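Got some structures for you, see below.
Next come two complexes, and both contain subunit A; in the first it sits with subunit B, in the second with subunit C.
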Partner chain A sequence: MGAYELDGSPYALERAALQELLDVLRAHGYTTVGPQIEHGAIVYDELHRIEELPIGWTDVQEGGSYRLERRNDDALFGYNVGPHSWKRFLSPPLRLLWRARKTEDGFEFVVDEEPPPRYAFIGVRACELHAIQQLDAIYMAGAATDKDYQRRREALFIVAVNCGKAGNTCFCASLGTGPGVGPGYDIALTELLDGEHRFVAVAGSVRGAEILETIPHRSATDADIALAEATIAQAARRMGRSLETAGLKELLYRNIDHPRWEAVAQRCLTCGACTMVCPTCFCFSIEDATDLSGQVAERWRRFDSCFTLAFSFISSGSVRTSAKARYRQWLMHKLAAWQDQFGAIGCVGCGRCITWCPVGIDITAEAAALRAEESGQLQPEPAAV
Partner chain B sequence: MATQRKPRLAVWKFASCDGCQLSLLDCEEELLAVVEQVEIAYFLEASRAVVEGPYDLSLVEGSITTPADIERIREIREASRFLVAIGACATAGGIQALRNFGDVREFAAAVYAHPEYIETLKRSAPIAEHVFVDFELRGCPINKHQLLEVIAAYLHGRKPNIPTYSVCIECKLRGTPCVMVAAGVACLGPVTQAGCHALCPAYGRGCFGCYGPMETPNTASLMTWWREQLGASPQTIVRALRTYNAGNEVFRKESEAYEHAHD
Partner chain C sequence: MTAQRMAFPEAMRGSAVSPQAAQAPILSLDAFRPYRCRVAGRQQENDDTFTVELTPVGARRHAAFAPGQFNMLYIFGVGEIPISISGDPAEPDRLLHTTRAVGVVTRAMAKLREGDVIGVRGPFGTHWPLEALQGKDIVIVAGGIGLAPLRPALYYLVAHRKDYERVVLLYGARTPEDLLYRSELERWRARFDLEVYVTVDRATGDWRGNVGVVTTLIPRAPFEPRNAAALICGPEIMMRYAVQALQKRGVDATQTWLSLERNMKCGVAMCGHCQLGPHIVCRDGPVFRMDQIEHFFGRGEV
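This part shows the complex of A and B:
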């Protein structure tokens, strides 16, 4: 991957201008959400003040392990992605679809007309922007459009951040989904830590440009821009993992009966954590509930996972009873069938499923093992140990 | 023919601590809705009035530990249209199933002055080991919202919506970062059935396994990770697996695999 090209006319912002950015967005009616430390991890939550960011912290990630560590500077965005993804704001894990009450002659719907919040996401990474665009293609596909998602999405303001470092479980560079952000943001920031602490800011939309104009800024110098590009290029070089995509779909389809699936099933807990943390996993189930009196019925939408038995339950039983069948279904869908379904790989290389798997199962290692065995190389050790 | 009478609910107790029955009393507001819909025909914990069977729904708390228990649970089954076992005692034998790993006569001799008066079974057994059970509601104690869901489901003739997947899914739904990954805390959540809304991880603790094994538990893999990555000793593993659901086959077998292991 070559050096990332910044487009538009870049501005340079001082750190104090970022608080003004938050204030302006809030004054425009946005609920600002950004990274914060909670329970020993960097999660996404409502953000009022820049001081709430994980200033001076970074994350050290490995398969099944995540630890926060102090940096030796005051970087605002000196970490990668954590256990949350933006999907929980665009498509909440639990959502009431409707409620109905029995009447004399049938039933009536009780409409809950609370409009969803207008979010401004602060600190969206390149991989995450790609993930949001994947969700768009799924949830806003013509007749099947999810109206609630669409409302949240159309109101969304995205402040993206280019990664200045990559995590041990990151592999966006090999998928072309990062570490520099692609189109789709309103404002993109690159944090510069050499010399004066400053940010190179680029507008990616008309409203992004309008908001940028209202906060204190100066034009970025050539030196600022060169440093921003070098920062991103450095992150691309220091990526902990990679995934070979050439012929990946065919490779997987050819190896549907490979013994490797049995080996990974020995370790897989079928806990579903990987799917829940994945920013592109989009499956949900629909659940109906009645109250004790039988007068009120509700329909709920809840995140689901292909690792549960209920997921593949039809008429008299589950189709995928073994861990092997379920892990294979997941990996095959992400890396192969997704290509047939949506025209792209369903993985953006964020590494969450590797880090947050309780036993460190690694999607890149599993795919690599199939490839290595096919080409007659020695099978690498599972990355979990 | 359908009658006008309200369905009759009974709550029965065997060897247990009453905690699950208390979950029903703990429903407070919802309890009023319950009594509007059902006639509480037998519930010593709540009222002294006793109504003869038959019962439409029997909730059974506690495990079977004496010969008299076996007789009584058979009578209850006879008198009940639906029988739901509630809590770890009724579904796995409870904490008292620790006796299953030793010799109950030795325990009795150590505790009682006259052990010859003690009539007890060798094992503490779940209800389903003795009679047919329509539904098992897990937990130590059970979750009151799940209990209300089960009662509502039986009242309206539908399947209770009680998930059998892992506690991990509940952690993720509520947004709790994993304590095992982020803090190296040993957690039973990946092999434990959901139901508590991931209460312990939300407070930085590993899951204690109150709801018993999830639908397809891979305890061997999780314990290998505890051993190799978290440095858990065999004794830690045995103790973690032998609590309220010690009597469950899955947890019992895995604990036995580590019983004679040494560091």
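This part shows the complex of A and C:
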């Protein structure tokens, strides 16, 4: 294969070409995964046919509320994000790290390595692509590498989708993480619904370009591109929320003892739902176990949440026992400490934690309240009695 | 994540592959796989605390360690915990760990006998910066099992005694029966070039020594505050008061190091458990200079 010049000029695809895209990816050995409706929510699962997408559906999100509604068109990607995120495929919630058998010399590792799954993600949003890149920094860029994650990640093919609408709990525009996708995708699509139903497609990698070449396409017109741009710009204007990032880390570090933490703890159930739906929450626990005979031991890695008491348990007990301390740990880590640890804010503005919080606690509102109270605009919210 | 990335033509170009994915370092060994070590010796230190000596199985050798670093110790099928190294850094082949039986894994460790095999990952973390403290008075403040991660520092200081001015050990335990490394303490105390002061919270039996918490030894300990460096390990509350007492004597935060305890699962800065504000204790610690953690250390539940 000779050097391939990336073609900067976008293509236009008809709707039928998307099925061909799926077919070509599957023919290349990828397991295609994409959004579909299950139990009243849009989740990510293996996708064989375009008809399995949530066609003509949209999601309506608010703090503590999520429901699907019919659109008045047949949009394939006319919604934002649901309770799933792609991390469940790249870093599965429960993963076997190794298995060992008892021997004369203590134990030996049983080698049963499987080849990593080759996923093609269909419909990765701008915020989600940023979230994947955050996980890359944590699992692959430190002194040690999560080899299983790395193998899944290197095999990954990303078909991103620019958002044409924004949800009430979305705030990616204020974080610069969307709604238009940034670098890192293989193919990026923008769905155009005015006039003929079509997609503007662009390759972001050599293999993305090669795949695009193999499916039916024409060159996108200037009008196609202008409409795509306008669609994304409109989504940016319609964000339901925003997060002010200027001086955010310092603001939070200054206010470790602010009464606001006590106030939010009155509502927080410490259920950890926010950490489960968050596309960047990366914490995991390591669990060791044996079979009943005691001859075979396994080490498992399981999603963990900083909202549990066990999370901070040391010889003298849990470090963070109060709900206040655990909520504060989560928010301060996400918005402040993450910047020191990994060089970026740990939030991508997807709004999942707001939508899926059973009591509708809003990370943007909490950060804004600290800012407002510090500048004297509001009185601290009195703690409930 | 700073630039707003929605201008369409720019967004359409993109880079060939995620930059993080392209340059990831690869460890030759799996970060989560321990290597096997045989228990070569076992010493009961007091009622619930014991020291094990670990020798690698097969051709493998222990990596060199620096005083203050820790290993993850794995008991087959039971679990894994971070334990500081308590042996001599000049003898890395004699890997020693002193442990108190308080949890599931440490209680299983307490039952280890010579010849048993356990798993080891490490060494991990930062160390007491002894090379950088030459020419200073060294004040070591240890509470209870906190003496274990400081013993490698004492071995080093004794071995390089001429490079330092006064070396002072202030050590507190709950009762005389709880004292660790008793014969070693007596040997060190007999030396003319070491100042060893021991205190207990509660005198029992024929104890005729100091009674009171270890921080009460700080005001009258023989060191020159302007030329002193302090190394502290013990319960968090004890370390807080020790820092205060040292500051009152004029040893400031830039000359004070402490070793922190946090929940740790991975040891390689991935699992998220050992955070203290911006710090990842398994990577940035466990030994910190006080001024680096001042804003977060000792604040309730951070």
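What we mean here is this: the second predicted complex is superposed on the first by the 367 of 385 C-alpha atoms of A that agree within 3 Å, B and C clash if a C-alpha of one lies under 4 Å from a C-alpha of the other, contacts with A are read in each partner's own complex, and residues count from 1 in each chain.
The rule is short, and it goes like this: a contact is a pair of C-beta atoms (placed from the backbone, for glycine too) under 8 Å apart; a residue touches a chain by one contact, two chains touch by 3 or more.
In this text, all values refer to a predicted model and were calculated from it rather than measured experimentally.
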| item | value |
| --- | --- |
| Contacts of A:100 with subunit B and subunit C, given as first, second, both or neither | second |
| First, second, both or neither for A:155, with subunit B first and subunit C second | neither |
| First (subunit B), second (subunit C), both or neither touched by A:193 | neither |
| Touching partner for A:294 - first (subunit B), second (subunit C), both, neither | both |
| First, second, both or neither for A:273, with subunit B first and subunit C second | first |
| Which of subunit B and subunit C A:355 touches, first, second, both or neither | first |
| Partner, of subunit C and subunit B, that touches more residues belonging to subunit A | C |
| Which of subunit B and subunit C A:133 touches, first, second, both or neither | second |
| Which superposed partner A:263 touches (first subunit B, second subunit C, both, neither) | neither |
| Subunit C-contacting residues of subunit A that also contact subunit B | 287-290, 294, 321 |
| In the complex with subunit B, residue positions of subunit A that touch it | 38-41, 43, 64-67, 82-84, 88, 93-94, 266-273, 276-277, 287-294, 302-303, 305, 307-310, 321, 323, 355-356, 358-360, 384-385 |
| Subunit A-facing residues of subunit B, complex | 30, 33-34, 36-37, 148-149, 151-152, 155-156, 158, 161, 163-166, 168-169, 171-184, 187, 189-191, 204, 214-218, 221-222, 224-225, 228-229 |
| Residue numbers on subunit C that touch subunit A, as the complex places them | 1-9, 11-18, 20-21, 23-27, 30-33, 36, 38, 57-58, 74, 76-80, 100, 102-103, 116-119, 235-236, 261-263, 265-266, 268-273, 275, 277-278, 280, 283, 295-296, 299-302 |
| Contact set on subunit A toward subunit C in their complex | 6, 8, 10, 97-98, 100, 102, 105-107, 109, 126, 130, 132-133, 136-147, 150, 153-154, 162, 173, 175-185, 188, 190, 202-206, 225, 228-229, 232-233, 236, 253, 256-257, 282-290, 294, 297, 299, 301, 304, 306, 311-316, 319-322, 324-325, 328-329, 332-333, 336-337, 339-341, 344-345 |
